[in-house]
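Across the two complexes that follow, subunit A remains constant while its partner is subunit B and subsequently subunit C.
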Partner chain A sequence: MCEWCERYAEGHERWYFNPANYARKLYKIRKEEGPEIQPDPVVAGGMSLLDRGFLEALDRKDHEAVAKMRHDVEQLAWKVHFGQVVTLEDTLKVVDIIYPIALMTCACRRSMLGLPDEENFTCMGMGTGMYKWERWPQTYRGGIQFLAPDEAKDVITKMNKRGLVQTLFTFGTPYIGGICNCDYPDCSAIRTTVDHGIQFLWKGHHIARVDNELCNGCTSCVHRCQFKALSFSATQNKAYIDPFQCFGCGLCATECSQEAISMVERASMPALANVW
Partner chain B sequence: MTTGWKYGKVLKEKLLTLEEPGKALLFDADKGLVEEVTQKFDVGAAAKSLQGKDEKEAYKALEELGKKVMKLTIELADTKYLDRTGEMVENVYKQTGISFPHRLGRYVELSIFGLRPTDRWNISRATTKELVLQVSACAINKALEESGIKGLPCKGFCCASFEAAAEKTGDRISIEMPKTLPQNGMCEFCISV
Partner chain C sequence: MLPTITVDDKKCNDPLACRKCLLICPSHALGLGTKVGPRKFKEIDPDQFMVAGVRYEKCTVCMDCVKVCPKSAIQVSFLTEVKK
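Entry: the complex of A and B
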């Protein structure tokens, strides 16, 4: 059980299966006449606190400064906006307890790849906030498409086939307001977590395990891993997954035609049960 | 790794775009709606008028009041005080074909704001099958208590108003109350379709 399950699962199997973490009021009473004060979306991103100073501290091996900055950024992120990796199966279950769901452009790929809006609809926003998407014209300048749950499941399944990792993101923890379909290095959360060890992204509740009897060494799974956990052992001609590095997304498992990779519960492995 | 990778595209005919970028839109509930509903209906006076009646009679009278409050709320919310959130709820319904929970929830929330703006309440579940509303401080319940009316006849008010909203949205709902004031510290309404 992760820290978020301990705090917010309220009897559900996982915190992200608790419908209360997706439910919010539609309205509050308008206080003042005139235009409403628009929330600043930048506030949501603890990642914006990471600047050149952090990289320079890393370069000069100033461990104390790095640790402090990492701590400060993580504390803010966990309070406001962070993600957790989720398997495809769990993501599809989540779709049944959220509404509305809207396909929107990915801010990370917009900035990393300069991807044009019309080719960049890989993120999903959900919950009552999506009825107010026009509040953030910069974020939604490419527009938005609302999806019925079955349509959303189709989209997520396609993204998974294309090699994108499903992640759930909070917007004021524990409120979960986004499903992202991410990959390395486009996704700033994956990149910051994997490259700099700042935990914007928590590992998922599963770990991938290879059955060496079934693995035929085809290597088709290797390119699917976005977390540098999967490698190929040339001497054994088998896939190898580092369990401490595995984020439990299951992309390798969904690619394996031999069904040689299975997803096991993190909690069932004592050495990994608290590795998030 | 990702060069040439195909990401997501949308159906152009289903894409909603910013109609007037930069234009300030009003998403929150309008104070005018709250004031009009509050002026039209007086919770304290309604409670006093029920003094001396038994719980069954009080329940029936409150049912009628609930329907009237919701009728006025819907009328105001869809015309004079139509806000952008309401418009978008309808747009999304047109796009997905899914009415529940937010078309109904919108009227429910606005009716609470309208008649009892100081209530403490929360939405604890809002899926396409279930809407759960928890009311922990209720002006109607309090007014009835102060007028010496026993029991919980005010659930007639809430249930009738929610049903009136469902009639408007075309949702076939059922309502359960697993928790009630005062013993559970809240009234919990599980509205399901």
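Entry: the complex of A and C
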């Protein structure tokens, strides 16, 4: 079972359907239980917890050092700020739970591409904290735009269509304060998870399965996968999905005109039920 | 071995407005950070932004960033280990 559901679902189907997790206090982390490593503000936007030391250890195959750093960073991230992949369907349900929702600029893409604010409105902040956005002009560069629930759903659906993956992020776990719309390589959570094996991003509650009877080999799903899970079998002329690498975002499924890809519950597959 | 990427911050004084290196890098190996964290009611001055190497493991030492930088602020080097 998903660890976060176990701890924070409190009777709801998933932890992110529990309204209490949107009503908690932002970043309420007591000093004594605070993390040992502190994020480095100098290089904010996803570069802050992993330095060159980690990459060097990876490069010289120092597995012990890598494992230790991975462990420390994950422990901190899970306490403070991490994400889980969600399908479009689940994301739209979340929109019905929480108010207000506001569109804001993406810190990752600013950090990796220097994307100008007006081209960078792909993140969503949620909860009463958004009413205080003006206190933090740097975090909310370019301002914010409050959205009615229907507008939010529309914007998220369009971003999914564009090829961006929906993820939910904590700000002081289990407080969920953001819906991000991510892609590789400029989303630092996807990148760190996929490239460095550090679990900033947890896999979602679904996985994608291809029905080979229905797949006509058109390949239009192949470019949708941001997690290196989806490839194409030239031999069979069918899409191929590695179920252990699939993060369950559903982007491939929403693109398939043959309805050849279905999203099934991770929990229904015994060998995948605990693969996060 | 990983390449070394150094950016002379005095020469590169408004990277957010320029961002030529960020856009040209085929590996998206460079990143933009700030020298100070977010502060209440304060925007960060443009000259407090800085470019740094981030994904060193993806840098191929192609030198595209070095060539594109109008301020000649970037140096990239790769020292091959001498086998004993």
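The working rule: the second predicted complex is superposed on the first by the 252 of 276 C-alpha atoms of A that agree within 3 Å, B and C clash if a C-alpha of one lies under 4 Å from a C-alpha of the other, contacts with A are read in each partner's own complex, and residues count from 1 in each chain.
To be clear about the criterion, contacts are C-beta pairs under 8 Å (C-beta built on N, C-alpha and C of every residue); 3 or more make two chains touch, one makes a residue touch a chain.
Quick caveat, the model's predicted, so the values are computed rather than measured.
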Practice task
Please work out whether A:R191 is in contact with subunit B alone, subunit C alone, both, or neither, and reply first, second, both or neither.
Solution key: second
Exercise for the section: Name the contact category of A:P243: first (subunit B only), second (subunit C only), both, or neither. Expected result: neither
Practice task
Give one of first, second, both or neither to describe whether A:P174 is in contact with subunit B, with subunit C, with both, or with none.
Solution key: neither
Problem - Between subunit B and subunit C, more extensive residue contact with subunit A - result: B
Practice task
Quick one: classify A:R135 as touching subunit B (first), subunit C (second), both or neither.
Solution key: both
Exercise for the section: Scan A:L55 for contacts with subunit B and subunit C and give back first, second, both or neither. Expected result: second
Handout entry: Partner chain in contact with A:A148 - subunit B first, subunit C second, else both or neither
Key = first
Exercise for the section: Pick one for A:Y99: touches subunit B only (first), subunit C only (second), both, or neither. Expected result: first
Exercise for the section: Could you say whether A:G114 touches subunit B, subunit C, both of them, or neither, answering first, second, both or neither? Expected result: second
Handout entry: Overlap of subunit C and subunit B interfaces on subunit A (superposed complexes)
Key = 113, 134-135, 137, 141, 185-186
Exercise for the section: In the complex, go through subunit C and note every residue touching subunit A. Expected result: 1-2, 15-16, 18-19, 22-23, 28, 31-44, 50, 52-58
Practice task
Using the touch rule from the top, collect the residues of subunit B that touch subunit A in their complex.
Solution key: 1-2, 5-11, 14-19, 21-22, 24-31, 34, 84-85, 88-89, 91-92, 95-98, 101-102, 105-106, 109-110, 113, 117, 122-128, 130, 132
Handout entry: Partner subunit B, residues of subunit A touching it in the complex
Key = 19-20, 22-31, 34-36, 96-100, 103, 106, 109, 113, 115, 118-122, 127-128, 130-135, 137, 140-149, 151, 155, 159, 162-163, 181, 183-186, 223
Practice task
State the interface residues of subunit A toward subunit C in the complex, per the touch definition above.
Solution key: 41-47, 52, 55-56, 58-59, 110-114, 134-139, 141, 185-186, 191, 195
